[in-house]
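Here's a structure for you.
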């Protein structure tokens, strides 16, 4: 199909599509008048039943924790997929020249930011059950902290950290830990992913039982996963570029 | 005592994590062995679940969140015979695929096995979940693993394009599904399918109808129904053989499974007592797909694309069966899914052997190259007969059941469609058989797609074909035949399908009410005679088509019309343009047309 | 409240279109990042702080970052390809 | 009033169409991928609009009294899942694009015709 023909078909079908979409939306509850029972029930229950103050995390890691297990493995599968697609059949070991372009201030600044971001990421990871945030958000923040090393052009240490086989093991550990938490419930005789740990007092960092454990494992998985992703993309550039095919 | 339904999900996921962690340290064989053992464990667990779900559907609430009143708080699994059967099938095929790739084929630095396990886990979860959003999550998990697996052979550009097209179209489909799910959530405020079904009742305003359309569109893209089918040949022609087996053998069927599951559990009473646009749409689309897939299958000259288009054709027939929608038709559908997946997997494994020995998948290049490979030839020939629906194969039984499920016009239409689809797809496979293994006729026309480079999947070259290459192909075809000798096959599938089709039964099971055994419909007469007659007619037509295609140059000019069918389908292949933009346009046009149709007919 | 919300949504509609219409990839990354940021603001506005946080880290940072990495890698390849071509000459 | 209530849904439909438009008119594979990401954000807007409630607070009970009326937390959980899915699918697609570029040396879908039937 030529580009023009494509555009015509698109325009012709966009109008009925929009009509169909809006005809459906017309019968949705009006904007800002959420009616449904699901959210309200969970909202009123979760503080008492799960001792979490952030209901979204209670849903993500407990009520609908099984979804999040699937979601973690989507990330896991896609990290494996990226490594599979971008694999180098005959990898090189060299490292590109260290950049000298950045001033000491920038380097120092990014090192300081690295520490700050790391701490912030850990904070977000561990306080998911109390305040907005959680393993996922914290994990991405930790991963971006490691990107700072790259931006500071400290290629050797970036490569040493991110290309280490342990990073892959950590990623798999994060994913596996989630599944293990689920299986552990089977071992105490409860259904998969049951929150069987003591719940603690609401508002405490160590409250909410397995929610905290799962949040931590998700944080580990996400952080390691994103670091691996960025390394896989950068590998080519860092090692002085693969051969041209 | 049945195993926990969480086991078939958790075990492969755990094993995938272990394998991914240890992939650089463990030897190849150890990783293969672990993966095969896990698939075996899954097979046992699923078969066990299938057995114990026979009396009562097994309901399992994750995180111990039992519903409060009608409010389902957590995510529930519902294992009924139909779902458990598909999960068993998925585990069986994964086991065979992993066995096939044992030790030799390129495993992408051992990333292949963990991805296969994630794929397996997603398929098992997809078959058993009773939660709409969870269904979407498993849909995405399945897709993500599939996209990655499809692009395994990164040495050439073709696989990347194939998997890119696959990924774009299927992701667009996932967004349609998610939009539909969001609509339903807005309408009812629930995510459990039983609860949504209960709350919707027989409501059929535009919201419900459009939600149904969007959800089905996503699943029909997975099921490769015209006009959503474009990704499938591209993905199949580039994916490695074991992955092709999973795509054709189970993933496509799972799209249709989700259509039936969602269609009964949620929209079961939507059109109660009304003319049903959904069913009519399925019948029309199914028929179109069956014919189009068959014609394109006959027009292709790349072996894997021939098989891919025949999958589209059969997928269309399956949708047609769903459109008939009576318990007998769905019982036939269940048998058809098993039979088709066995036969098609057998054919793909055989194509893999050919690729291994002769290093190409192009029919003109393979011409007369396979004369020595007798066993392979026999397998290929048997597969062709199975596709056409020749009686010892279970596909014949299934076709008979589906066509006799309806009466009058349905009977005639289904019979004719099965004949066309069987003759065209079987004819294409037999044509390849005659050219490649017998060396009859001439090379035949080539086309661009038949020249997609394909590197062999193995690292080393040997002239001996190892046993683990033959075994899966032979086993698949043997099971495809053996199924039809299973005692009480029809009765078992009928009791599974009437449970599968009962919305009341689904809701009762979820809310742990006593399940009343529904009245089982009466089976149509066995009619072995008409079954054999139909099978012989199809294989006869297929043979005629194949012989004509192979020898048409020796015929007088006027009788050469099949060559037009075979060679001058250029305009049809133009539609299959290999550009994701085109595929998305077709998808969108399809959704727009269907949407208008649904809204008007509502 | 209602007006502010509607305006925010309009802004999203416009900037979404701008992202799609931008044909220059580098400019598109910036537009994408901006779009992610507005989405995050909207999530905050509509009382979804959890999603807003993850939208900031993903939509406004991680996603554009990944696109940039991919483009950097491709440009690196282009450079190498050109270098080897000029060497052949 | 009906028109006002439709605003978020119309925006969601618009963004969905924008994403489709982007994919369809794309001349650059990276552009295709970004358009797909835009298309996905349509589902965020839809979900957010469905679960919203005027004058309600966020479902975080750290500093509000239990029993306060909150917006729907479930859609937010669904959106979180959705955001992750978006990021991962984009990562995977970009890897394919990078590899296509490596092997074919071009990023224009018009130049990639290996798959043509």
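Note that the chains are named A, B, C and D in the order they appear, and that numbering of residues resets to 1 at the start of each chain.
One rule holds for everything that comes next: a contact is a pair of C-beta atoms (placed from the backbone, for glycine too) under 8 Å apart; a residue touches a chain by one contact, two chains touch by 3 or more.
Values in this document were obtained by computation on a predicted structure and should not be read as measured data.
Colleague: Check A-C against C-D and say which one is joined by more contacting C-beta pairs.
Modeller: The comparison resolves to C-D.
Colleague: Starting from the mean Cα coordinates of chain A and chain C, work out the distance between those two points in Å.
Modeller: For chain A versus chain C, the centre distance works out to 18 Å.
Colleague: I'd like the Å distance between the centres of chain C and chain D, where a centre is the mean of that chain's Cα atoms.
Modeller: 12
Colleague: Counting in whole Å, what is the centre-to-centre distance of chain B and chain C, each centre being its mean C-alpha position?
Modeller: 37
Colleague: Rounded to the nearest whole Å, what is the centre-to-centre distance of chain B and chain D, using the mean of the C-alpha atoms as each centre?
Modeller: 28
Colleague: Residue numbers in chain B touching 2 or more other chains?
Modeller: 133, 137, 140, 144, 147-148, 151, 154, 160, 185-186, 191, 575, 577, 579, 581, 585, 588
Colleague: Mind pulling the chain D residues that touch 2 or more other chains?
Modeller: In chain D, residues 4, 7-8, 12, 16, 20-21, 24-25, 50, 52, 54, 58-60, 70-71, 74-76, 80-81, 84-85, 87-89, 91-92, 94-99, 102-103 touch at least two other chains, as defined above.
Colleague: Which parts of chain A, given as residue numbers and ranges, touch two or more other chains?
Modeller: If we look for residues of chain A contacting two or more partner chains, we find 6, 10, 14, 17, 21, 25-26, 28-29, 32, 34, 36, 38-39, 42, 54, 56, 64, 67, 71, 74, 77-78, 81-82, 85, 132, 136, 229, 233.
Colleague: Mind giving me all the chain pairs that touch?
Modeller: A-B, A-C, A-D, B-D, C-D
Colleague: List the residues on chain C that touch chain A in their complex, please.
Modeller: Contact set of chain C toward chain A: 2, 49-54, 57-58, 61-62, 65-66, 69-70, 72-73, 76-77, 79-81, 84.
Colleague: Where on chain A does chain C make contact in their complex?
Modeller: Residue list for chain A touching chain C: 32, 54, 56-57, 124, 132-134, 136-137, 140-141, 143-144, 147, 226, 229-230, 233-234, 236-237, 241-242, 244.
Colleague: Under the stated contact criterion, what part of chain D meets chain A in this complex?
Modeller: 2, 4-10, 12-13, 16-17, 20-21, 24-25, 49-54, 58-62, 66-67, 70-77, 80-81, 84-85, 87-89, 91-92, 94-96, 98-99, 102-103
Colleague: Using the touch rule from the top, collect the residues of chain C that touch chain D in their complex.
Modeller: It comes out as residues 1-2, 6, 9-10, 12-13, 16-17, 19-21, 23, 25, 28-29, 32, 35, 39, 42-43, 46-51, 54-55, 58-59, 62-63, 66-67, 70-71, 73-74, 77, 81.
Colleague: Looking at the complex, which residues from chain D come into contact with chain B?
Modeller: Residues 12, 16, 20, 23-26, 29, 32, 36, 39-40, 42-43, 46-47, 50, 74-75, 78, 81-82, 85, 88-89, 92-93, 96-97, 99-100, 103-104, 109-110, 112-117 of chain D touch chain B in their complex.
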